[in-house]
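Following this line, the structures themselves.
Each of the two complexes below includes subunit A, the first together with subunit B, the second together with subunit C.
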Partner chain A sequence: MNAIQIKNVSKQYKDVMALDDVSFSFEYGKIYGFLGRNGAGKSTLINIIANRIFADSGEILIDNDLAKENMNVHEKIFCMSEVDLYDTSLKIKDHFKWIEKFYNSFNKEKAFEIAEKFNLDTNKRFKALSKGYQSIFKLTVALAIDVPYVIFDEPVLGLDANHRELFYNLLLKDYEESENTIIIATHLIEEVANIIEEVVLIDKGKVLLQSNVDSLLEMGYSVSGPASEVDAYCIDKNVIGDDELGNLKIAYIIGKKTQLSKESHLSFANMNLQKLFVKLTEKGGN
Partner chain B sequence: MKKLKSIIQYECMTSFKYIWMFYAIQYLSVGFISIGIGLVLGNFDDIGTNFLEINTLIYVGILGVLGFHDDFKMLIQNGFTRKYIFIATISMFCFISGTMAFIDTVVANMLHYINSGYLSLYSSLYGYENIFMNWLWLFLLYVAFCSLLYLVILVINKVGKVISIYLGVIFGGIILLVVALFRYVFTAEVISDILKLFMEVMGFMANGTINYIFPVLTLLVFVTILAVGSYTIIRRTELG
Partner chain C sequence: MNAIQIKNVSKQYKDVMALDDVSFSFEYGKIYGFLGRNGAGKSTLINIIANRIFADSGEILIDNDLAKENMNVHEKIFCMSEVDLYDTSLKIKDHFKWIEKFYNSFNKEKAFEIAEKFNLDTNKRFKALSKGYQSIFKLTVALAIDVPYVIFDEPVLGLDANHRELFYNLLLKDYEESENTIIIATHLIEEVANIIEEVVLIDKGKVLLQSNVDSLLEMGYSVSGPASEVDAYCIDKNVIGDDELGNLKIAYIIGKKTQLSKESHLSFANMNLQKLFVKLTEKGGN
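So, the complex of A and B:
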């Protein structure tokens, strides 16, 4: 099976259950949004996939090969990290030189081209770069590696709007050419909403939902109006949250809409991905 | 194998460049200090230094610590397994130790040729007769020192600061216990036998001859134990 298969993965840090029996798959050839609040378990799962930490139980398969301590998956997956793991004393051009030796699929010329587009000075050492340019360097490496699965963990951290736009353009161009699997773990949901095809939502170490973005947005809607009418409408519906202002109420629902009567004072509105995310994850936190 | 070659190359080449800086600083310092003291005393007759290899031991010790801290993160980011990282790190220790042992052996023998009073670490124990064994012994001593510090830093990283302090206290306690055993418990005969054994593993035989192979074998066993210990820990090490 061409996929990253996550099978019953659990990970505990002292008294915190970071991942609790998580099972799902990232299928080949799709762009995923891997969403979750701070501490939801996103980075923990990414680190386990990338063999940086170990699961307490369960396993991860990449195209049917175990991800744990297996050099066979080296040319299959690349993970761009939010944290800085690169040798800070090396120059960017030297990093490119070494990464070309490490990965058969790293295109050094492409890396220099991308660096030029971002105005990244390849003669500078990693530690001499600003936070934004350190992120750009990491993005550049990830974009220049042609492996089936590329994971971006908070890819646009510290990037200005122009650079973010450039990154998303390059990412989509790359995807059109290679159709590799791209997994974007981010908090900036609205920015990636138009890019991602599938969404995996994780909260408190459990997968809340995995769905196609279009069908999810079709299923999610809000109904607003007088509180009593909204409450009556919501009976037997899958209400994921609500907001109240005086006598007015907005309820957020996943499911099919029911036809409203002509006398009804209620109105429907579509829900965007960010609102859906907030409502699904706001219980138990702010 | 191509991947393994690339990671070994990375480890060796990124560490190799600092060797020249180290030797330049070392010899400039020795030179300046000698000239300074000579000018103050008014003559250069009794000015000199011994055991320059101690400086190299400090350098390779730092290398052992950094061998984990910086390179582990970098290599795990680049998708390498812990087994590959371990092999590359040990290869780097061997490469750097071999190179530095060669330089130190050549320099020590040259200094001895110019000034017969100069003592190197090896020559003070075994003399200047066998240059190859001098290099081999020094090489293994450096690898052992790198590996020891590498193991220590792996243990600290694995168990955390507090438990490391407890382990340090326990280790100190064991040393005190051994001293107490020698002083109050063991008989003179037992102590004599232990010292005899210790001297023999260091190559000093009971009949007064020197066995050059024994100290090398002893260091080799020591390096193997440290390497096995390091590998046992690193294969369970997670990115912090």
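So, the complex of A and C:
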């Protein structure tokens, strides 16, 4: 099976059960949104997959091989991480040289090209970069590595809107060309809603749901129009959130659409993935 | 004049002109979005207003008093910052005690209440917090200080969607009660579009525009419907961006709406503030 298979993985930190008997798979060739609240266990799982920390129990298989301390597997996967594992006093261009020595699949020329697109000054030392540009350096490395499984952990932290758009475009272009597996852990859910095909949502160390994005969005819908009409429509519905703009309102509803009268000024649209996420994980923070 | 008046402020770092003769005002009682790309000069100006660094030339007046090293002014303004100025080995609850000594307007009880809403563990040391919770600590302090001018610099960096929503709600509640001036510097423009009244956009160290949000959104509009119809409609329009979902499309257009035929399946809606920002600041990166 071409996939990252997570089998009964548990990990405890002192009194916190970070991962509690977690089992699911990231299948080869898809783009995943790996979602969850702060502290839900996302980064812990990513670090276990990346062999940076070890699970208390359970195992990870990559294309049916055990991932733990296995060099064959190491060549198939790359995890961009929030954690700074880089020598902060080294210049970016020198980082690229070192990464080329360690990763056969790293394309240094491509890295310099991507850096140029982001206006990343490769003569600067890592520690001289702003938070946004530290993220850009890390996602540049991840985009320049051609392996079957690439995991991005909060890739756009601190990036401005233009750079976020550039990143999503580069990612989709790579995906169309390579068909590698891309896994994006992010809190900016609405921004990736149009990019990802599958969602894995973890909450308090457990998988809360795994679903195709389209099926997930079919759980509900949004209705918009004059605020008073929207309110009247919503009276007997399961409303999970709303937004207002002047006297217009949009409400997000779980359930099936009902027929509108001919005189109605309301219109239906798709569910908002971020609103759905917020509702599903309410009181799930810590 | 009750306002933060920025008058001909310039600041140079080596060969970079971070702020180039910048003049504008944040008027009392409004909510501002202070927008700009990475490196545009936002944080430099915030740090000058906060007396953390000094301008090369120009001056800042707060309610007509010079801000530079003036204790009367210091009492009127608080800047939450991206930079970590806190003793990282101190526990959060002890930070609250110290801040109470330095700021008369800091409400310690309110800070503990807000911390509880965010599930911020006040017995933890600052350095033991995740990036998201470090932001939460800093915004908790800013929300618990009642001064006429509060500046938030990237308040939601690393926060999950639920916590971002909680922050926006607490901010609006405070604003309704106090009518203080709130200035939010953020890259998550679409999320604050419904909150802010005024926008100040700086680019390459200069003010690119200052506008009421409603007027700004009237610069353009969006059109949505079946992709082929949207494409046909857009042929002679100034399209600044689009999004697709299945065979549906939404396009963002600068200009005035034109009449639709009766048979049209298209519908108009408001401009997207983030799309507009991206277009206005293209090639504006560092």
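Everything that follows uses one rule, which is that the second predicted complex is superposed on the first by the 232 of 286 C-alpha atoms of A that agree within 3 Å, B and C clash if a C-alpha of one lies under 4 Å from a C-alpha of the other, contacts with A are read in each partner's own complex, and residues count from 1 in each chain.
Note that in this section a contact is a pair of C-beta atoms (placed from the backbone, for glycine too) under 8 Å apart; a residue touches a chain by one contact, two chains touch by 3 or more.
Predicted model, so just to flag it, every value in this text is computed and none were measured.
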| item | value |
| --- | --- |
| Subunit B versus subunit C as contact partner of A:E179, first or second or both or neither | neither |
| First, second, both or neither for A:L90, with subunit B first and subunit C second | first |
| First, second, both or neither for A:H163, with subunit B first and subunit C second | second |
| First (subunit B), second (subunit C), both or neither touched by A:D231 | neither |
| Touching partner for A:E116 - first (subunit B), second (subunit C), both, neither | neither |
| Residue contacts with subunit A in the superposition, subunit B compared against subunit C | C |
| First (subunit B), second (subunit C), both or neither touched by A:D56 | neither |
| Partner chain(s) touched by A:N70 [first = subunit B, second = subunit C, both, neither] | first |
| Residues of subunit B touching subunit A in the complex | 3, 6-7, 9-10, 14, 70-71, 73-74, 76-84, 235-236, 238-239 |
| Footprint of subunit B on subunit A - complex, ascending | 47, 50-54, 69-71, 73-74, 77-79, 81, 85-87, 90, 98-99, 101-103 |
| Of all residues in subunit C, those that touch subunit A in their complex | 36-39, 82, 118-119, 130-133, 154, 157-165, 187-190, 194, 243-245, 267, 270, 274, 277-278, 281-282, 284-286 |
